[in-house]
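Next, two complexes with chain A in common: one pairs it with chain B, the other with chain C.
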Partner chain A sequence: MMRQRESNGAKLFLTELMFSIFFFAVIAAICVQLFSGAHTRSVHSKELVQSVNLASNVAEYYTVWDWEEESWQKVFPEGEWQGDVWQASFDESWEPCEESGEYLLQMEVVNGDEYREAYIAITEIETERVIYELAIKRVV
Partner chain B sequence: MRNRKRVTVANIGMSSMFVILFGLCFAVLAALAIATAQHDYELSRRLAEHTTDYYAAYNQAQERLLDTEALYQQTDEDGYASFSVPVQEGQELSVEICFDETGSEYVITKWQVVNTGEWNGDASLPVLKQP
Partner chain C sequence: MNSKMKQRHSVDILFLLVIFLVFLFSAVSLLVLAINFYRSTSMRSEENDSARVAVAYVREVIHQNDVADEISICEFDGVQALAARQEGDYVLYLYYNDGELRELYTKEGAQVTAEDGQRIMELQAFDIKEITPGVFAVECEDLLGNREQIIISRKSSRGGADDETT
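So, the complex of A and B:
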């Protein structure tokens, strides 16, 4: 009689443990997804801030130097002009790099009659997603 | 034998309690992480929006600078002319230029984002009413 009671208690405990593990797994799976979403959001947020800062820096340099090649080379030695497009690569920690990195900064200069307009865009190389873009005019 | 039975009974429900406790902890941490990330992103988005608006105002100001004749007509006796372009609500880009005697060339003397909104210094809350 006593052994049967103990056996029932153990069965109950094991059943509860099984349900607990199941629920814990479900909760953990949901929470991992939430943490992953928060991390992705945080990465996108950092990318956006870095891109905005970089684009506005380049825009300010452009307002001062226009497109004097020597001046650009001093500040961005890794950057290069390809026709009317100037571009520079950045690695995952947003440091300039010579080889193809994670992010690409491109500035296309369009000559008008009265203005010279620069389109600045920062893209993620792998997905070709434009993170931030900016247009700036300069009176010729 | 009685002791053994009590131990078995005490163990039932403990694992459920742990699951509830850890589940709540995870849920709170996940909610905090999501909220922080969302606020960070919102702040970054507003920064991007402000930068875009500033450069849109910058471009408008550059367009205004092309029409030197119209600006020259607005000059005061010292040869200064000024105009402003709205950036965002409560902010504008204020530009001032100074023409030379011939009126053909000018120097930009001011290029500044100024606050046009009214500052309300009384930000107190009616927590405790004075009798």
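So, the complex of A and C:
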């Protein structure tokens, strides 16, 4: 009788523990998903902040630029011109790098009759995801 | 027979104990994981904010006071400062002194020192220079060691802004 009661107690405890583990596993899966989502968002947020900053720098200088490639290179020595496109690569810590890095900043200049337009885009090279885009018009 | 029952009973307890330990280990692991995620997220958010606030403030000061060449870099009480001249011979100085970014709004020629300025925020380093006429480069380093650099152009020197950003 005593042994039967002990065995029932152990079974009950085991069942309770199994239920706890099951609920814990479900909640843990949800939590990990939420944490990884928050982590991804914070990484993207940092990328966006850096991209907005870089694009703003380029846009600020574009508005007063004298259209000479030499003066552009003096202010932004990290990139190079390829025709009408100026581009610069950045590594994962947003430091300029010569080889193909993690991020690419491209500025395409389009000459019009009244305006000279520039399209600035910052992309993640591996996924080709556009992080930030900015268009500027400047009177010629 | 009795010893067999006893052995089975101790295996039952051992099994329960192992499951309980696994449960405990998972719970602690999840907690540690959560703490690390939270720490890295809040750290990244702080990194994003502190240095950016300083350069954004300087950007705002330059754009707000961008009237008829009234923005310049000068020396104020032995420190390098951004001076924004305003109506009625008043001048707004923005400078770095004693590990702090400070601002001082005063009448030009008044007997004031860099210590009199209003504290904006603490920084490790701050530098502002005019790289080409009308183009300022501002570089600052916050207390976490994050560096931020921005380029700001003075548009009033060309007789007003003719740019349009979309």
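Definition applied: the second predicted complex is superposed on the first by the 137 of 140 C-alpha atoms of A that agree within 3 Å, B and C clash if a C-alpha of one lies under 4 Å from a C-alpha of the other, contacts with A are read in each partner's own complex, and residues count from 1 in each chain.
Note that in this section contacts are C-beta pairs under 8 Å (C-beta built on N, C-alpha and C of every residue); 3 or more make two chains touch, one makes a residue touch a chain.
As the structure is a computational prediction, the values presented were derived from the model and not from experiment.
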item: Touching partner for A:123 - first (chain B), second (chain C), both, neither; value: neither
item: Touched partner set for A:74, first chain B, second chain C, both or neither; value: second
item: Chain B versus chain C as contact partner of A:9, first or second or both or neither; value: first
item: First, second, both or neither for A:57, with chain B first and chain C second; value: second
item: Which superposed partner A:20 touches (first chain B, second chain C, both, neither); value: both
item: On chain A, the residue positions that both chain B and chain C contact, one per complex; value: 6, 10, 13, 17, 20, 24, 28, 31, 35, 38-39, 42, 45-46, 49, 56, 59, 134-139
item: Sites on chain A touched by chain C in the complex; value: 3, 6, 10, 13-14, 17-18, 20-21, 24, 28, 31-32, 35-36, 38-39, 42-43, 45-46, 49, 53, 56-57, 59-61, 63-64, 71, 74-75, 134-139
item: Complex interface listing, chain A residues touching chain B; value: 2, 5-6, 9-10, 12-13, 16-17, 19-20, 23-24, 27-28, 30-31, 34-35, 37-39, 41-42, 44-46, 48-49, 51-52, 55-56, 59, 114-115, 132, 134-139
item: Residues of chain C that touch chain A when the two form their complex; value: 5, 9, 12-13, 15-16, 19-20, 22-23, 26-27, 30, 33-34, 37, 40-41, 44-45, 47-48, 52, 55, 131-132, 134-135, 148-155, 157-158, 161-166
item: Complex interface listing, chain B residues touching chain A; value: 1, 4-5, 8-9, 11-13, 15-16, 18-19, 22-23, 26-27, 29-31, 33-34, 36-38, 40-41, 43-45, 47-48, 51-52, 55, 58-59, 62-63, 65-66
